[in-house]
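One structure coming up, written as structure tokens, with questions to follow.
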Amino acid sequence: MRYILRRLGFYLLAAWAALTLNFFLPRLMPGDPAAALFARFRGRLGPEAMQALRETFGLTEAPLISQYFTYLGHVLKGDFGISVAYFPSPVLEVIGTGLVWTIFLAGTAVIVSFTIGTLLGVVSAWWRRGLIDTWLPSTLVFIGAFPYFWLAMVVLYVLGFTLGWFPLGHAYGDDMTPGFSATFLADVVRHAVLPIATVVLVTLGGWLLSMRNTMIAVLGSDYVNLARAKGLSPWRVVMRYAARNALLPSVTGFGMALGFVLGGSLLTEIVFSYPGQGYLLVQAVRNQDYPLMQGIFLVITLAVLGANLLVDFVYLWLDPRTRGSA
Amino acid sequence: MSKPVLSMRNICVDYVTDRGLVRAIDSVSLDVIEGEILGIAGESGSGKTTLAKALLRILPPPAVITGGEAYFEGRDLFSLSEPELRALRWKRISMVFQSAMNALNPVITVGEQIIDTLLAHDAGTPGAARTRARDLLEMVGIHGECIDAYTHQLSGGMRQRVGIALALALEPALVILDEPTTALDVIVEKEILEQIGDLQRRLGFAVLFITHDLARMLQFADRVAVFYAARLAEVAPAEELRRAPRHPYTQMLLSTVPSIRGGKDRQESIPGAPPSLLDPPAGCRFHPRCDRAIDLCRERTPELRELTPGHSAACHLAE
Amino acid sequence: MKESTGAGATGIGLWWEAIRRDRKAAFGIVIVAAFVLVALIGPLFVGEPDDLVGMPLQPPSLKHWLGTTGQGQDVLAQLIAGTRVSLAIGFGVGIVVVMVGALVGVTAGYFGGRVDGLLSLLFNVFLVIPGLPLAIIIAAYLPTGPLTLGMVLVVTGWAWNARVLRAQTLAQRRRDFVAAAVVAGESSFRIVTREILPTMTSLLVAQVIGSTVYAIGAQVGLEFLGLGDVSAVTWGTNLYWAQNDAALLTGAWWTFAPTGICVAVVGFGLTMLNSGFDEITNPRLQLEHAWRAYLLKRGRLPERSTPVVVDHE
Amino acid sequence: MHRELAVSFAVLVIVLVGFACVRDVPYAPEGVLVVSQEQQSSWVRNFNPLTTAAAARWPTLAGIYEPLLVFNSVHAEHVPWLAVSYEWREDNRVLRIITRDGVLWSDGRPFTARDVAFTFGLIDSHPALDRNGVWGFLSGVHAVDDRTVDFHFERVFIPGFDEIVAQTIVPEHIWSDIEDPVTFPNENPVATGPFTEVRLFRNQVYELGRNPRYWQEGLPRVEALRFPAYPSNDRANLALVFDEVDWAGNFVPAIDRVFVKRRPEHHHYWFPLTGSTIFLYANTTRAPFDDVRVRKALSMAINRDLLVEVALFRYSRPAEVTGLSDVFASWPKPEIAEEANWARYDRARANALLDEAGLGRGADGTRHLPDGTPLKYEILTVSGWSDWVRASQVIARDLGALGIDASVRTYDFSAWFQLVLEGRFDMTLGWSFEGPTPYVFYRWLMSATTVKPEGETSTGNWHRYGSVAADEALEAFESEADPVAQRQLGLELQRIFVTEAPAIPLYPNPSWAEYNTSRFEGFPSEEQPYADPSPNKFGRGETLLVLTSLTPRRRP
């Protein structure tokens, strides 16, 4: 429990850091975001209307520190301000339209990639210099060196555009009614296959290598030797003794990889016009919709922190040593 | 008596390095008699643990067994296939590792590790296995509740006892103890050794006991084999070895043991360092440290010769 | 994992060793060298990359080996000009990122205590905040340009290096020669720069290579989103323009395929260099190689139980 | 282990192939028109037709809500819509509009002239909603009775008519209770248009169903409009090519090859040149662009044929020297002598003109001002607007041949727009202003009354050119209600433009329109040019003409 509390404290701190960063970034940067903001209104607003809008967007002349506390207060109340591009919708509402899909896409991709990559790492380490171990790691490292979005473009072009095997975009067919019907779920899967596959392809190599390397180290350890000396079947030695332990560093890495994969899946979403946060963020940047941009950054950060906390729970369950520490 | 349960003949083990082979076990021949405790003594790095793991064929790369036979219950361990080995391991030969901390899986309970072993050799239902695991733990003096404990929750002594319980789980004919008490304090060490002794008498298995602590060895073992730089230097019944060591190395080793030769001429340690196995000296490997060395020692490698029945030494000068 | 073997002086020597002995490392260095060469002298052999040389979206031909872009520019010229800028930013950022990481990591590891607590907290927070979204919003606020991009990449990329270097410093700190230097009354600065850092040369080089891979990838990603200077010619902006000019729709694969492949090949080459180095500095792996070779030479397949090879000379 | 692995791979392959084999059903149900006009990554529910902030969504302006009159830009005429007639009174100081009888709001309440007066009152009290700037010339709007509304002008300003009749009208009985109409998202609109029911609203798609009480008997024949969210032009075009979209208004590169060739019997496009003309603006407050000879020389140096080919896949043609696009095709053109046509490519004459203007060439061939400053300029353009960027590159090259060191500089839209509004540029590409008459167009190109000093935001006339002659003509235009006399004044304005060359017209922008006739018929085409075919033409209600003309094809 101490362990979880400590982690929780750390995440709260990280969340606060992200919030603070979010507040000060626009205020430390050169240029006036407010000016850019009003360029969107194409000079058609009168001074009073401008002033009213300024206040709506929270751009006041109050001292920085009091602005900061007002801002913290608003965020705690779930008030992220109003989107400029989607005026007059609140940022949170705009973000809410796609958050589920981003979490679904990134979450599934990271879990699938982790599972397959780790399993391949186990196989690769167990049959050292076998066919898989000789070719797969290098191949996957090579594939992993491609930019996410580039691979996404190629996959979309070949499998979607040219061959027509997969839909070209969106999270589900526009005729589908969301719900827990088999057809809907099948449709969601059909739409998610390509975006997830690209993210998985690019990240697979990393998991494979990290698992393979720890596995090789663990396979030389005494407890694996003992397990073999005990006459256990190779499957049991690998899974219960070697892999189970080699998994621990990978799980620690999992938390950190989440943020990374999320970044990648944002890029992938853009290519597949998947209705998540990716394009929203880019569009917010292009429109200089600062409130929306910051809102997305915050929400994504909080999602990653939350996922990290979940990973910590998993770690707690996987490694009994973290449990006992009183 | 005197029927050997394990018969080693000219065993050689090499480590492959980029500069060629390094011989870690050089032509070792040794018998373990049914129901006896055979001690193997030697400085660290002399090849004791290598021998133990080689017998079970669990020496990790880059080790290679390059010669000899190891007959166990009539079969050569070095010519068994993988499935044959798996069936034999632990059921007939088991081992207690040097550090139970490293040898026990940290993420599953000790009970599961014992049950695993039992089930791997088809010893009944999971329920029965659990009962048996409890019994085994209690047999080595650990409370049955500890079956659900993880390694890190146990003390050093308890871990080592778990290792012993594990080794005895399938009632093997031979148990290899690889410095089972190195990391423990003297009192716990004594307790555990006594316990092993008791169990050995009760269950009748043979023991191959490896340690660098000659004093302990002489109290505990029936016979003792002394290793020096990958080779056997001397093999003798414990009592005889203590009384009349023939090899200069054994003699020096005994002189470092406090309780045996009294305080006066006791040495802190043997002068000089054991030779590098990468580039061992010609002739007798002990000659650079031997104060009685003659030219012959520098030229010819001494064979292990039986000097009196049951007592052999590898020294040109030994009579 | 990355234990630095050997003392400082052999840090770079080890790399040479790796390139000489390891196929992967040799392969990696050849790729990287080829690209560096192209970056250095390539632009001399092609025209101005921004020039309008013909109709947009012409497929590859003898005149334009890789065709023309949606802007009617020569793809090959753009690719080569982009190589120069992208590699410069990549290596530049790679070096700065490791320098920042070293500064923070070594300080934390060497001084320990409260300094360590604070700095460790800092890089752990940076590690857990998702990098790309942070990079995007920072880039959005700053005027576009290579300097901005470099800065953004440094801000989002230093933490990992700091973490690794801190652990390494902690290990070094406990070693005798450092203790001796402390007792001898040498200044902290001197101990760090003369005693500790030299022992980590090969690790630092490995980190620079790793960070360069990161920097190239992240740079291409940000520029693809239009967050770089879109009028500059770099790999990322080439892809941005390809997307912008409907490369997929018009089937103009030549506008985006070569750049993507270059990014991947360079990244692959750098990674191979690193993993080759890893292998030759990992004694375990080295021995295992020798063991395998020994067995294979004797017609034996490596097996799981200790193999028995009786030589009949 | 080997086997288990093989099995899991096999399962994966089967799943992938299985998905691959699922045949796509037709994209949308019969009668549902799929439109791609606005590009968004996800939809946010906002149907406020008055807001200017986010350039209100197309259907809210001409689909859900409706204006008083619809302007047909192909025929250059106003079509009666919510208003049936109008007349100028009291020396053109009052505009009386008669509204249509029998129109119901979608909630069943009758639409009256009072709703019109209310709407104008609302935008009077909320300047942020005054999209067309009508309160710059109006003094009051009063409903005389349920069918009559009077617009009182502050001064005689005939062109104001175009802005008034384009205003979308909202119901008083709903909007009078809205606390802040500026930020009101209006999630369930009550309106008069053909499509008022929000049948479906999700982040990736929304649908507008038919208005059961629509005032045009039996219309619309289209069941519903569907708007899938496509984040980019590229994605929207993919959908178009794959028959996922029935009607779109996107730029499609190489359209004959990319789109038409895939299914020539159903994939069509028509790009009438009714968009605004794209100009090269040179800052006329800065030397040497204050010299008309220099401006004409710049214009003559540009190879517009090449420009149109490279930048626009030949979708447009070189601009005429008057700058007018095809919206004004029916307006008379002045006679222009061959040598007076400075929109014709003639590098020799351009060089001669620059020599004459005293901009000699230096040793390196670059021209310089009399004081020796070399002519080195940046042409500003918007990053991502690839047609503009390509056009700028052609121009830069042509100017280079003239001895002017021009380079292309791209900016983000808002950064670029800021510079342009404040006149802080040497040369930039830019659009021009549209309207039913050339009045607005020329006013923003050369009226001295619109000139603001550099650094101050100016809605138009970014190049800051003021012509006294033009002001006279424009002033006359403001008080001329007679169409024939208006045309004469239009002629006069064209002559002034050709003489003074305030800005350099490049090409008329096409009105982008692609349509797929496999599911619907009745789109405007070159053969049946009953309206502008583009879904982007909603500012003055023109899309309503198309929406009420489309007919679903019955499936065989």
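Lettered A, B, C and D in written order, each chain numbered from 1.
Rule of thumb we're sticking to: contacts are C-beta pairs under 8 Å (C-beta built on N, C-alpha and C of every residue); 3 or more make two chains touch, one makes a residue touch a chain.
Note that the coordinates shown come from a computational prediction; the quantities given were computed from them, not determined experimentally.
Ranked by how close its mean Cα position lies to the mean of all protein Cα atoms, the top chain is A. Counting C-beta pairs in contact across C-D and across A-D gives the higher total for A-D. Note: centroid distance chain B to chain C, computed from Cα atoms, is 49 Å.
Inter-chain spacing, taken between the CA centroids of chain B and chain D, is 91 Å. Taking the mean of the C-alpha atoms as each chain's centre, chain A and chain D sit 39 Å apart.
Contacts with at least two other chains are made by residues 161, 220, 228, 234, 270, 282, 286, 288 of chain A.
Looking at chain D, residues 232, 238, 384, 412 sit in touch with two or more other chains.
Along chain B, residues 53, 58, 60, 85 each make contact with two or more other chains.
Which chains touch which is summed up as A-B, A-C, A-D, B-C, C-D.
Interface residues of chain C, counted against chain B in their complex, comprise 286-288, 290-295, 302-311. Residue ranges on chain D touching chain A, taken from their complex, read 1, 5, 16, 19-20, 22, 24-25, 27-29, 40-46, 48, 51-54, 126-128, 130-131, 133, 182-185, 202-205, 226, 228-232, 235, 238-239, 242, 244, 384, 412-415, 417-418, 421, 457-459.
Interface residues of chain B facing chain A in the complex, by the touch rule stated above, are 53, 56, 58, 60, 85-91, 94-95, 97-99, 102-109, 116-117, 120-121, 150, 152-153, 166. Interface residues of chain A, counted against chain C in their complex, comprise 10-11, 13-14, 17-18, 21-22, 25-26, 29-31, 33, 128-129, 138, 141-151, 153-154, 156-157, 161, 209, 213, 216-217, 220, 228, 234, 255-256, 258-260, 262-264, 266-267, 270, 281-282, 285-286, 288, 290, 293-294, 296-297, 300-301, 304-305, 308. Contact residues of chain C toward chain A in the complex are 1, 24, 121, 124-125, 127-134, 136-143, 213, 217, 220-221, 224-227, 239, 243, 247-248, 253, 256-257, 259-260, 263-268, 271-272, 275, 284-285, 288, 292, 302, 304-305.
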